[in-house]
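To keep things clear, I will list the structure first and then write my remarks on it.
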Amino acid sequence: MNILVWNEFRHEKENEVVSDIYPNGIHGAIAGFLEGEGHQVKTATLDEEEHGLTEDVLAETDVLLWWGHKAHDEVNDEIAEKVKQRVLDGMGLVVLHSAHFSKVFKKLMGTTCDLKWREADEKERLWVVDPSHPITEGLGQYIELEKEEMYGEHFDIPAPDELLFVSWFEGGEVFRSGATFRRGRGKIFYFRPGHETYPTYHNEEVQKVIQNGVKWAYNQGTPKHVYGNAQPLENISEK
Amino acid sequence: MNILVWNEFRHEKENEVVSDIYPNGIHGAIAGFLEGEGHQVKTATLDEEEHGLTEDVLAETDVLLWWGHKAHDEVNDEIAEKVKQRVLDGMGLVVLHSAHFSKVFKKLMGTTCDLKWREADEKERLWVVDPSHPITEGLGQYIELEKEEMYGEHFDIPAPDELLFVSWFEGGEVFRSGATFRRGRGKIFYFRPGHETYPTYHNEEVQKVIQNGVKWAYNQGTPKHVYGNAQPLENISEK
Amino acid sequence: MNILVWNEFRHEKENEVVSDIYPNGIHGAIAGFLEGEGHQVKTATLDEEEHGLTEDVLAETDVLLWWGHKAHDEVNDEIAEKVKQRVLDGMGLVVLHSAHFSKVFKKLMGTTCDLKWREADEKERLWVVDPSHPITEGLGQYIELEKEEMYGEHFDIPAPDELLFVSWFEGGEVFRSGATFRRGRGKIFYFRPGHETYPTYHNEEVQKVIQNGVKWAYNQGTPKHVYGNAQPLENISEK
Amino acid sequence: MNILVWNEFRHEKENEVVSDIYPNGIHGAIAGFLEGEGHQVKTATLDEEEHGLTEDVLAETDVLLWWGHKAHDEVNDEIAEKVKQRVLDGMGLVVLHSAHFSKVFKKLMGTTCDLKWREADEKERLWVVDPSHPITEGLGQYIELEKEEMYGEHFDIPAPDELLFVSWFEGGEVFRSGATFRRGRGKIFYFRPGHETYPTYHNEEVQKVIQNGVKWAYNQGTPKHVYGNAQPLENISEK
């Protein structure tokens, strides 16, 4: 499996709090715990040429992880469209935290993907609401994060195909924080936690979920449909 | 529309706290706010003959509301089966609070319908997660109840057809507290709040949700399918 | 309820077969059977200024029906975007036949919305697969159309929130021909039949489905969510 | 992975047409193509003691396949209940053809699971409607079976969690012939074809689907939830 971890990679350059937590960038941290198990893991970032998302790179990527926050608008429209098309053609996509507002995710969802948020060092508990799903393998009843940014409902997404986690926040909100969507031949997993000022991606249970999510999103050869004008069965053509 | 409100009606006879809140029984309170709008509203309780659920009564009921808690086992198996069949045949069903453990609901769901619970006078916030649904009409972003019993995930139900509310509880839990299910020709709405020692059914927003739920569950003449051995189209029979 | 029927209105001007079937245009035929029952029904077409879809018109429309086929590209991008936003804000949308390829529907779905098709005067049977849904009220087990264009799977849409009809075609294909989607506060109903060279919109069962669909899509005041930076509960702000 | 193939095993003993097609029984044929890939495959049949479904056998089974037709009533109620509970506890279940009417499947669905049927040597085409799903891996756009029994809608099941295949039949019917359901910690896959008088289980594409289904249904350690009276977070207990 060829994995690509894409990161905006701006907070790490501008904020010491973030670079102290993620000295190799958020992408480096994520790539780190995805390596092993025989996967090929690469990274790409916003400021690389074509954001590191050339057609060749996309064509050979099986699962793409996306982290972005403050520079969604700087992602080139055509490249966002190419990434979307590659998902429809079968590439898995794992959408992390504030990437709910990325161009790629919004295009795929068709909604605003808006939500409530608050930075107040709140405790988060991600409760497993679907204990049959492979993305929850190896977990307990919930994941507890001592401090995270709050994301609250209403989360303006289509009803997920599968709802895996619902978060509780100290301040009174809930959030559908783990959800899957199928679009075309592609599988998409949205996973909420991961604000840049907290060490969330160093949490082993968070890592386990992302590892599981990548495996789940991998398409190993599902049918390619033909579209357009179709041939009839013989009995029709003979009419 | 003919509405029937069914109540176990035991707590009210045994516990003054409950009878003070609901002097006419929980069924009486619910029937009270459902009357008007031209509906015909009747009630039935566990200790009536056949639990007040004779075939005639079921046949003429369009939407049944069910509240039960401590005496689920005393509901006759055959009557529970008849109620289930009537739902499959098109009667709407509104399942309230602890009726998650009623025989009828468990038979319709096929799962244990188990959950976590705690009686600790906790604040509950029911967040609207589907603001397009008629059951949420007339509400704000959430319903807040100062004190309620806690119900927590995992709620062992099939993934709902529609998830309308997710509850937040002070003590750290979340719950899918408003959900719909379609079974056969029948529509089912589960709505969580309503512990007997709190005045929840006097809350106007809770009343609004139940009124909306009853309207939504009403089946005004959907197709009756024929099952079993089927006639072919002509071209097949001529083979 | 304010209903707006939008039609491309090109085939009727260029093809006598079509204008013979729909002398007042497809929009005229549809508006005709939607009037009555106290609804206010208006029409709009592609060649009107702003396609007849000014902000004022959209703001006062409760449910929009859309028929388009050969001129999807001529719909202005900004207007398509405004229509989409109005759906997310609560306007119902009924998407008819070849409008599966309209800009508005594709934006809302996030997929290609592609499919197979064939013009071969084939019999179509639309089987009801959800007999609990209000859109199927008044129907039998299926709707049979003697001759229609074939649409075949794979239909590249997100898994519908509700699947109501599946079509059988003489030539060997099937199609998910009645499906609902919720996006934001808006409800969307896609209904397959209605090729311009057949008198499909004169069929009373097809009319019944569209009447039901319009009623179902009408949003009578669901919650408006607030998004963005959120206030905490008191106990958090006191930390 | 420990796989158990359960078969009623009656037709094969009573009908030479069937025993000619399946000399080792339907269970033998299915076990045959599931072996390899390192799986441990066993079989069990109705007339064995406890139907070959002792608690020990169930406890060590990861995925159970079920074929039954004419003797559903002879399956002991308590054993059916135990199988159901084992599914809720995480055992995968693959339900084949006429097992739609098995006690286990009906208990898990909560509906009648009824349908239309016809034995008329009709052609069946199983169209893939979800080309992103691992159960469709390795397939083309559809599977064609020259002759099969017809199953037609309405199929009285809950709306599937995932709809994978829709069948077309020569005689005018359609059927949701591949569908998944999650119940508790268990995953269930229903797959339609497989009437005993046709060599359907010798078809390589059918075999591929069942192999994929077994892999998909395998639960490798998802969370075990605790139910009942729950401990609060500290801040609540301190009130």
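As written, the chain order gives the labels A, B, C and D, with residue 1 at the start of each chain.
Convention: contacts are C-beta pairs under 8 Å (C-beta built on N, C-alpha and C of every residue); 3 or more make two chains touch, one makes a residue touch a chain.
A quick map from chain label to UniProt name: A, B, C, D = Trehalose utilization protein ThuA.
Remember, predicted model here, so these are calculated numbers, not experimental data.
The minimal number of chain-to-chain contact steps leading from chain A to chain D is 1. Contact tally for B-D versus C-D: the pair with more C-beta pairs in contact is B-D.
At the far end from chain D, in terms of centres built from Cα atoms, lies C.
Between chain C and chain D the centroid-to-centroid distance comes to 36 Å (mean Cα coordinates, whole Å). Computed from the mean C-alpha positions, the centre of chain B lies at a distance of 31 Å from the centre of chain D.
Touching two or more other chains at once are residues 128, 130-131, 141, 152-154, 159, 161-162, 172-173, 182-184, 223, 225-226 of chain B. Chain-to-chain contact here is organised exhaustively, every possible pair of chains being in touch.
If you check the complex, the residues on chain C that touch chain B are 90, 128, 130-134, 136-141, 161-162, 182-187, 219-226. Within the complex formed with chain D, the residues of chain B that make contact are 84, 88, 107-112, 114-118, 120-122, 150, 152-154, 156, 158-159, 161, 170-173, 181-184, 223, 225-233, 235-236, 239.
Taken in their complex, chain C has these residues touching chain D: 125, 127-131, 141, 152-155, 159, 162-163, 166-169, 172-174, 176.
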